[in-house]
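Just so it is clear, A, B and C label the chains in written order, and each chain counts residues from 1 on its own.
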């Protein structure tokens, strides 16, 4: 059997959903992950590094949904791209089903990528404008060795029905620009699910959609997740949607995870000063908002080329402990079961 | 008692403002008979989703029209003068950036990359008020102070600033000629949460310090509540509700506004958010009666007729549910 | 398709499309009606092919626009003789072995100027004794002028204006004029009316025979005129069409497609591949295009396929790579490319299935607009004398015209006809290309 045949049987076998792994080995395990980008000096040599992700560790189990929250430049995109296999880590391990995928190449990398689905922020940009919906959904299948056109067609139908783009025949021949934003995002979701992945990375999947459609798409994603027992990493900067979508939240700042907690605990009782600032700045619609000025920590997120020493947030933090926060990296402290904070305040 | 904005005079009043575009596929009725009222030192939020015509409303007010205009009519009374009657040159000299200015969508990406930001902010006063360069730069410096950008940024280029800083520069550019009214089109949509909060703080402060009025166009309901004194909701080219902020955010009148409020995921509170099935009508092919009727849970027979804006306790809603002669079903 | 509908909104595009369609139709017709080998054979020329054509004759339609009617070529063959005429051939036996063959060629001459030349081509069959021929010229007003008596071989051509006796007889006036006018003064009007050429041949054997073909060479001939080698220019005009179109299209297609692929590969793989391509392109852009072609043509050989190949090779790494590269750099950042990599697309697939289709809308107008440049290139090479030596092309016509002093001699048609076709081709493709550009690039629509 050639590698292609192996991949094909693997791909087709993966259509059957697996049982939920509870308490057993995590599906995805990130250990001490560093993702640094080189800054090339003119010609040769390295001018420095952009430390996009530093020392990230977490576990994700099959069927679990976590949210990664942070502002632009916090490293969540780089983290996500590394998990997707689009970028190689500088240090550390990305262990998927017991195998370190950081060093994979060629066919093995391709097999790994087929197990991770990707939903992007811009629904229109994520779809090739010159391909019909059928063709768009067929591409991942063709690439991953689904040779029989009849089986491909059947799978495409299945996928479109699951995201509720019916009647299916109406949509197969359409092109992306003929669909609304919500419909386009459904196609993106269908494409991400079509190889029956065990993990989905969703990067701001609804932030470019209208308010009235967002919840619909999030609910769809939630139902698909439950039906197929997929793990989801949901990346967003909108804290208010996190409640309806995930079980745990990780808050990222300047390349590091500063707080990890179950959703309710974090929203009720945020510990890290950055998380507190984020929550204070996120408002619910209320006319009284117009009368108050919001507390915002001064300054801006740091440059990742020369980040501050010690705790990355200390220049903006009202509770900075001089001599400690600005010198040493804070350790991860468990303030309650399941709730971890990287902050010297809780030492 | 009808709440007003403290007896402030009316700054802007539009009557039946209409803007239709001609495209290859037909006529787009982007702004279809909009009536609005804005007082001095008041912030009105125009709320709506994509394709409802709110950006076209901004263009209609400032007469920033593309080539394919099919219809452009109505009255726009700015301080009681109908500026629609002015010709192009008079409008440019007397209204645009003199009385009314704009921070367009994604303004932070629209800064000229080859000019220093100080020069860009100074340019409107040189053109409109005839100031010399040094005086104009002084005015720019004052504006930078208002928006919270350090003075030494005057000499920087756009690419050296972060997104939040660039947006503040764009706001400064809209204020430098001291207009009475600033239209902001999605001022915070591409920004992070903390930066958004910062910008809203800036806008609030400027409103207090300079007495300016805003028309804030956005789809983000939560952000809009940070600034709104009054709210106008647009759907398919029409205004479907006008209300003061206090009553709008607690009890919206129009079914669309209600559904919109219900679809906002809330950070606090236990309500499961709702969504609206279907899509807004295409602006090429609008339904004959109420434009929201196909998706409205409360539709009834009368919705086949296009409803007017109906007065309800100092608020207005374009819905037959509030008709005075309505019999309960 | 939608594109055709969009095109129909631009009058210039319709005009361009119509002209291109006409040219293509002409090319197809030509290739079928006059096969390639036939065209080469005809173009190589030679006495036996073009003997009946006048030299440097203007096209026949010149007569429509001129008050002065110039004569067209007339050919009279005794083989066409019938009982009733007009051409007649009679055999009269004079003695046992001698037969008198009388061939009569009557014709009407209604033109305002004189023919270029008059020749009689004799063919005879005999065993030993040559036939003896007497040629007489009869004018409308009854004058009989003896043109000559001589014996002929199996093939013999008698060029009437070259006959010394006639030249002496008519002194300063050229023979072909003197035969047509009463008052033997140069350049007056010819006498219009019925003329007759009579050939009286005496044969001395039983089965001997004589046939004559009388050619009155006109001053105008054919749809396009003739050149210095008596070749009908419509051959080269017709055959120039498919050659020009084929060269232009193949070169344009080859160049644009290859340029696009190279740009895409460079952008996608990045790194040293991209650098290499860019530097190579920059060097290539500095190299002089035409001189290199001239060098190749002079030192190696001038076959059109070689020229085509070298042109494409030199044009691939041109400035347009930089244009495509900047477009590809933008497209490369599109989210859907990233998504494709995420579901496992390999590099080649990304380049050919995801990147390149995005650029086809830009490619098509560029392709159409560049066709005329290659058509003109081929013509320029021919004009410079570096054209393919055997092919009849428009450029070759201009080259021949130049070499033979056409403009000095007033043979304007020889230059204008190919130039007009070249211009028409260029104009048609340019109009089409501009309109396609406006369709595919909507931001240009306001212009």
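Throughout what follows, a contact is a pair of C-beta atoms (placed from the backbone, for glycine too) under 8 Å apart; a residue touches a chain by one contact, two chains touch by 3 or more.
The structure displayed is predicted, hence computed values, not measured ones.
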- When you draw the chains as points and link the ones that touch, which shape shows up: line, ring, star, complete, or other? line
- Mind naming the chain pair that shares the most C-beta pairs in contact? A-B
- Message: Using Cα averages as centroids, what's the distance between subunit A and subunit B in whole Å?
- Response: 33
- Interchain centroid distance [CA atoms averaged], subunit B/subunit C, Å: 69
- Task: For subunit C, write out the residues touching at least two other chains, lowest number first.
- Result: none
- Where on subunit A does subunit B make contact in their complex? 71-72, 180-182, 210-216, 219, 237-241, 243-244, 267, 277-279, 281-287, 289-290, 293-294, 296-297, 300
- Task: Using the touch definition up top, name the residues of subunit C that touch subunit A in the complex.
- Result: 334-336, 338-346, 349, 353-354, 357-358
- Message: For the complex, give me every residue of subunit B touching subunit A.
- Response: 43, 49-50, 162-164, 192-198, 200-201, 204-205, 219-229, 245-246, 248-250, 259-261, 263-269, 272-277, 279
- Query: Of all residues in subunit A, which touch subunit C in the complex?
  - Reply: 84-86, 110, 113-114, 116-118, 120-122, 125-130, 139-140, 143-144, 188, 191, 195
